[in-house]
Amino acid sequence: MGKAFFNQTGLNVRVGLLFGKGSDLISVRDLEKKDFEALFARTQKFEKAVKTGKVRKILDGKVVASLFFEPSTRTRLSSEAAANRLGAKVIGFSGTEGTSVKKGETLADTIEMVDKYADAIFIRHPLDGSARLAAKTAKHPVINCGDGANQHPTQTLLDLYTIRKEFGKIDGLEVAMVGDLKYGRTVHSLALALNNYKAKLRFISHSSLAMPDYVKNELANPFTETPRLDFRGCDVVYVTRIQRERFTDPMEYERVKDVYRIDSAALADAKKSMIVMHPLPRVSEIAPEVDYTPHARYFQQAGNGLFVRMAVLETALTG
Amino acid sequence: MGKAFFNQTGLNVRVGLLFGKGSDLISVRDLEKKDFEALFARTQKFEKAVKTGKVRKILDGKVVASLFFEPSTRTRLSSEAAANRLGAKVIGFSGTEGTSVKKGETLADTIEMVDKYADAIFIRHPLDGSARLAAKTAKHPVINCGDGANQHPTQTLLDLYTIRKEFGKIDGLEVAMVGDLKYGRTVHSLALALNNYKAKLRFISHSSLAMPDYVKNELANPFTETPRLDFRGCDVVYVTRIQRERFTDPMEYERVKDVYRIDSAALADAKKSMIVMHPLPRVSEIAPEVDYTPHARYFQQAGNGLFVRMAVLETALTG
Amino acid sequence: MGKAFFNQTGLNVRVGLLFGKGSDLISVRDLEKKDFEALFARTQKFEKAVKTGKVRKILDGKVVASLFFEPSTRTRLSSEAAANRLGAKVIGFSGTEGTSVKKGETLADTIEMVDKYADAIFIRHPLDGSARLAAKTAKHPVINCGDGANQHPTQTLLDLYTIRKEFGKIDGLEVAMVGDLKYGRTVHSLALALNNYKAKLRFISHSSLAMPDYVKNELANPFTETPRLDFRGCDVVYVTRIQRERFTDPMEYERVKDVYRIDSAALADAKKSMIVMHPLPRVSEIAPEVDYTPHARYFQQAGNGLFVRMAVLETALTG
């Protein structure tokens, strides 16, 4: 468990929360700070319950649809495990092979159908805005598990929860983001979600992969930008994968990729308490040796996905 | 819930029923009117139970195999949700990738195996007659979820249930069938199942897609045939998809497809109480605007698939 | 149930067992005779419980990951049914389509993740040694469901259990192995596992598919080798598939395949009590007519996979 406990009253003071029983979760922009804090309190409760083997089957008898129109092992398995641990059962698919989508069915029609079989819907879909469309169609709660390059709110929640639990707070921390800041959905969402807290941001990237203006223009926190892989003063380093397909010149990719690789040397000057995060899967952007340093938090971060999704699902179904 | 309640005694008077504990469901031809009525009574019971969140876990501890040798989202998800809602758990596959079928195993051998792991089997298979073969091999109940162009009895049951619930009866209704009446498995089965009731049938199609003689020769009810999309006097319109691959001339397909498309104009002269049904997925044969008319029943129809499959599964496993 | 009961005290005398609560099951080489006997006693308990519908949900609330990186219907479905029947729920995948493996994630990283969502892991993977690696990475028990050409210990357990149950003993039996003894993983493991008992072995194969020296060198039991399909004196015949791709000359394959095909004629001189086993799926190496002889045991053998996997899973999770 983290260094501090969340305010447990968050569980009771649900008046005025945007996210509650019957809510969809489509974007972190739909949430306010008090929603974050209420969800984090509940997440920590579930973390404790799972680790002590004492999860109550609050969703016994419920059926949750897990509709993954494109690959995602981590999000799918943790979402399904979250439903299962709460006592719900899961129907669904991963990939559109073997689905009516192949026969030309619209997303809205697919959702109309599934909404009649299930009590809540997890959806991942390659098109931006698809989750919002699904939420408009469905009567039951829809949890966005990633709609193209747009939003992946449970990822952002688990990212914030990981920081929050580690330091007992978010205010006052300096958070560096490294790698592909131009196309990386997770770092865009995290930077914006940090608007709810008083943090400092440091964007570390090659100039061709810099944080876009449309994100920077919305930031409430002070930020700096640098191409230098320097973590001095940072409390959190959030690493993202640099994808080969973003580069027209393969040589340029190889060079940039190696510059922003995190290894022991890159961590030499870091604070002892600094944590390294990554949405995973990683390929080569974090050296395996980092796993054995006290900085590594990416596996715990992935593990937190289970607890966060339990909190989101319980809240959407029971308030 | 529908306009009328089914005779609840159907649940008790199970003497003389063809479909009961241990039965397979392979074809609607295996069922008599009293079987339909008993299943519909049970279906309505489950519809109420699901909608009020009061489903008893009658199949707790049971394992149901869901063997989909070819794609079917709607039937698969509603069958699995039916098993789950009754407390059973589900094993299986959708598509033969990753199965021993790929290694050349016969269907009979696959069924011999699965029959040892599960208490009941849902099967969809591309070959006509495959479900009957599976039923002969398995000791546990086999529910046919579509065997090629042959039978899909739970679809026919949910079609009839949708009509039965809507009008409180089937006798005396006029049911139009539109689109591809030549190859459409669902309309063949529905027309034959209506032999158990006193209905009138209207077959609306292009001459090249007319209802085949081998179906018409078995009909107990009076029917008319017409190429004109005219719904006057009809109580039910059952729409099916016209498939491009049925036509050698693509231009002919485009013309026919548009003639039999259901939109607001096509519904102008219809009875106010007339309902439009479709087995789904639809592509373009029903305009989206129809969804917002009081005639649309295809989504409720799909939803009824859950309740019908709960009734079928419970009956096969517990009588 | 078999002709004899296993010593029920095996369930209580767990002192000194290698396989218990928290154990991985990676290879039958990790087990001693007392482990086999303890597992078989538990397997028989579950066989009785399933057949009388009286399985206690010992693993209620647990989540089991079923990670099949390559196809396997029988092992996957029986493993998932085993988890389900014990009350656990299952997450996972079959095939790497739609998984983060496709994005280049290492097996160790995938396991690190899944280990945080599940209480136990079933893994099948095409690479030799992958299951051992997974076990080293995971904190929770890992059950090897086949790692390439290497090990498939639950298969060997169910093979031995089938013999043990049939004859009430293994000591004193003569076990013939037929077909592809060179590449067949199951016969290698079975021959080695029989080191724990006093049996006689007969290896029947074409010279090009003979039992390898590295297996024979480790055998504790006497064995004979012959190309002749002669079962006189045998108690058990274990048949394996001869795969076309092992032969450079297709004509040679056709000839060998037919010589080692088991049909009624091949069984003419067999003991009445002799049983024919096969890991399945079969293609043509056992004629369908054999299914109707009193010798056929391959379907029961496959069925025993359920009970063995229940015993293994329960032991690994509860001791």
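Per-chain residue numbering starts at 1, and chain names A, B and C are given in the order in which the chains are listed.
FYI, a contact is a pair of C-beta atoms (placed from the backbone, for glycine too) under 8 Å apart; a residue touches a chain by one contact, two chains touch by 3 or more.
Keep in mind that what you see is a predicted model, and the values were worked out from it rather than measured.
Subunit C is reached from subunit B by a rotation of 120°, derived from superposing Cα atoms (nearest 5).
Interface subunit A/subunit C: under half of the residue numbers present appear on both copies, so the contact uses mostly different residues.
With each centre defined as the average position of its C-alpha atoms, the distance from subunit A to subunit C rounds to 40 Å. Residue positions 89, 97 of subunit C are each in touch with at least two other chains.
Those residues of subunit C lying in contact with subunit B across their complex are 53, 55, 57, 68, 70-74, 77-78, 80-81, 84-85, 89, 94-95, 97, 280-283, 299, 302-303, 306.
Those residues of subunit B lying in contact with subunit C across their complex are 61, 63, 65, 89, 91-93, 97-105, 109-110, 112-114, 116-118.
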